[in-house]
């Protein structure tokens, strides 16, 4: 008898949702993609070609999809604004949930989802941070764990997108939560991973410019921003987020310990080719995060599936999803207000006299 | 109705065969692995755990497996010595064949298989050269095609394995055909790809040493060898094969054209991590070809499947498989004899007075 | 008749002064080192072997040296605390001055020297920032000038020393002015170079930790510090200074423009050798700034000499030396106080309600 | 009293000679350039500006220069065709000699010079191989010496020039001795350094093409050539020489030992800058050997001077200069004839039945 496969559905078939759907369809041997939902006619058209022929039932109503016979889990890749609500609805149907990051751009809403999940301990609830499943970032975690760099003390991490003159970033800024919530949340999550999730911020400050996308100003957002988070246990993380890279995606992380240092992707590359020409030697760079993290998303889907089927813990604490968004939101607040935010040793924000 | 999936079987469940089986089981959405064969009890034990539960019927008799109901294609990953015979048997059952390289260490036998295939033009017959499916090598092919380096003139390519003190290489030398047939055949295949498959050798010479594995001598094999193939149209390819790398797998190729140069994997790396310590900065290297070419094998399986289902040409001329082995065998002969082999402009070997 | 050579003396024969003396003795064809001064008997001993035999007169009294017959210029490489006084004394003797950075750790004192120099326009007065003479940093300046990256917008720069367990850094902290004045002053100078020396800070903030050298605390200094300078014209520079590198000197700069990006020394290396071993591939890194910038110091000495002899402008505005130290001092203040410093559009510090 | 300086003259003021002259004038503290010779009016014009004002006496007659009062040594940088004769004349005047490589393109003539030198053991006679003075190549020698790679077994080395469409290479081929004598002689010298100068060739073969400079054919030369030298003690060196590089100078060496591997300049670079643009990431490459080896030439001049003054051995066995040219000439013969040359264990050429 063939082993049981996780009966899973995907919600949202846009850029990210479609990739999740194809991953569960083609690259997760222990899962069976049985249903998919989108409210967008264009996405349903796509799904009729790429999913329906393979036995995937299509829905234009999320709640109806949740009632698909035998459904066990949902992967949520819709717009951020509905992540939280859809996650809670799925939990209420006793379905496991893999939700794209962030749960919400509102910290309170994130917390609500986490609180809700706490009442359903039999369910596997995970917020996807693809870098947690990337071979290089995992290698770093192992090397830190084995003591190779002493105590991790300084973390520098950047998420940098290729410049896109199409206006996409401006439109997206309307609801993205801002660069720190949308982009740096990955770098913050890495910080919680490598410094430990119990770190308590002492101060948060951030500065930004609008250099290439003037339209961002109306949304109080920036195309280049630098932020620093100082922690109470004598560690510092600093972040750079940019949507102005000329060459492609450049997500770089370095972790400096008391006895060693580790870097990830300091020299971004699309593949292993170098081209030698009369101007020098050139290598290409991935155009976007998918070119860098495709295998990470595949790993995420497989590991979530395994946790559901084998009833093992998900590889990533759900609480982190709130904490990362919380720090991102504070960075964004510091960025927009120009004011440093300070915290006491219990992590309580010091409202007055904070300078 | 779900699209038809290619009903495929895998022959041989050793190191390579098992990987093919798992690929077809898990990473080829349009294929269904329905059967697997091995004469080895140990391999069958493995398959009972990793294949049978997923609906794969196991066979200890190859011919019986070929009669598996509905079977359409076979992937042959057994020992090289039976590749040819099994390929021909599969063709005789009108099955498509994806055979691991080489078809045989005997050029004559390779030719027999190719001749046999020519009589079955309705079948898809492919000899697997994984580098043909690697993203970097394909990028090189596109860049050459688009004229970026002018006329490709010099090709340097090496296949270098990590030193293995276990004695494996010595045992393997008994039937591998020698370093040029076993290892450099990949580099030769790249030559046929980038220079064109119609190139005609003018001379072939090769030299080698036994430096780390004295046991190789009894099989007339070498652990380090360099060979040069001069072609009649004013091009040269030179190869290095080694089984003595301290650090891991290092397969490097460079192609020098009249107006540019391309390199692949000049700086081998296991992942994107660098470790900084008091001795400097270190990166790790893949231990074996699987660490370098895993995605290439997945691509190969998918593209073969697509060719079978859609009745499109296989992405790799079957004749090349003979030509590459032929050149490898001549290099091996030159290596062992210490004599240069020369050819006329029609590619006919000049037997006498060849110096 | 042989061209006239600049008659120069070097003050201070410690680590840095000795190097300057040897440079002027051996690597500056248009200069003649005629005198050298040190108050330290040990340094005079050294000079008796390495300088005196080559015609260099040794002095243990700085003022006496200034009266050396025919002297035209002085290179000051003594302790920072006497840089200013010695510079002024030399100017008062109408001698050209090349002074090691910084002029002083006190901004006021720096300004005094600059003011003094303004009264002696016939003299060549230069404060040495060795990176200004480094081939790579110059290449960056040319590429920016030629418009290759559009408008330089974000600058990241770090000065990172190899961890030194000897206690040297702690002793040095007593009078170094702190990490931002001592180390990051180079990165700040690069900022003035690439962004233009007229940039006006808008805010300055900084955070640090003591992770490896607890003794630094008593001097209010840190072994790792991150600082951000926001400028009024929509640019940001951020700096990292560390004395905790495991592997060697790692001074890295990247400049992100609206249309391109440039990096310097992202992959530090001692030479062009890579060592492949069973742990991977390793390259070594220079142990200190001399290993990275030796040729820069030679260039500095030659260009200063040329300016003196040919009466051409020195290649580096003297005012910058104040401005760089000023920004460094503000960063240091922000670091120690934990408070952001803000400035109005004229660069005037906003003392109250600055958050 | 100032230490004595070596009184040296430079013969030849063309591309290479002028560089030697400037080095001895400006960068060799222990030498004094007292005289220079050139038969070329244009070079003498140059010297009147760049040498004469600094006390260098100019000669248009080589023999007259040798009689310059107090002269102790000569650096010969004239055309290769007169290297030998001028070296012998200088020795006959009891002058130390630093001669540019090669002594001659004729092995016999090289040997004559070496034999002549043997009769003058009080003189320092050195044939300049600049890589012997390069920091990276020296680091490799030290690492080999210290056993880091076990027994050096395979050496791959290439000397590759940037494509020059001016016709210079064709004109130069008339008297250069051919690519292996002119270019690969450096790689051969490295082989003698790293394998030991007592290695005995077993076979030598080579192949080449004319791809970019058709004019070379009339001089029996090639713009791309590959050669293999097999040694009797179980080692192999293989070389690539090209004058067709699109990007600049690319001299690469790798040495594979039984327990490790070392590479030099695998990733050529002009400086430490990387430029990120919408086509990827680009670094520039030195245009010629001077951009790569300038510091090596300075070191060579200083070390030769030291040997003369201190009467210590020159850092480079003079015999090697014959041996390197001899192997180069055999490679060139094999290249032109298309025939492998074989040797017995005493290094004696096997004339007949050599295949």
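Structural remarks
A, B, C and D label the chains in the order they appear, each numbered from 1.
As a convention for this text, a contact is a pair of C-beta atoms (placed from the backbone, for glycine too) under 8 Å apart; a residue touches a chain by one contact, two chains touch by 3 or more.
Chain labels with UniProt names: A, B, C, D = NAD(P)-binding protein.
Everything numeric here is computed off the predicted structure, so don't read it as measured data.
Look at the contact of chain A (NAD(P)-binding protein) with chain D (NAD(P)-binding protein) and you find the same residues on each copy: over half of the numbers used there are shared. Rotating chain B (NAD(P)-binding protein) by 180 degrees superposes its CA atoms on those of chain C (NAD(P)-binding protein), with the angle stated to the nearest 5. Relative to chain C (NAD(P)-binding protein), the most remote chain by averaged C-alpha coordinates is B. Per-chain CA centroids place chain A (NAD(P)-binding protein) at a distance of 57 Å from chain D (NAD(P)-binding protein). The mean-CA centres of chain C (NAD(P)-binding protein) and chain D (NAD(P)-binding protein) are about 39 angstrom from one another, to the nearest whole unit. The residues of chain A (NAD(P)-binding protein) that reach two or more other chains are 245-247, 259-261, 266-267, 270, 276-277, listed in rising order.
Interface of chain A (NAD(P)-binding protein) with chain C (NAD(P)-binding protein) (complex): residues 149, 151, 153-154, 156, 203, 205, 207-212, 224, 226, 228, 230, 234-236, 238, 240, 242, 244-247, 256, 258-261, 266-267, 338-340, 354-355. Chain D (NAD(P)-binding protein) contributes residues 245-248, 267-268, 270, 276-285 to its touches with chain A (NAD(P)-binding protein) in the complex.
By the touch rule above, chain C (NAD(P)-binding protein) contacts chain D (NAD(P)-binding protein) in their complex via residues 1-3, 25-27, 29, 53-55, 135-136, 139-140, 143, 148, 259-266, 270-277.
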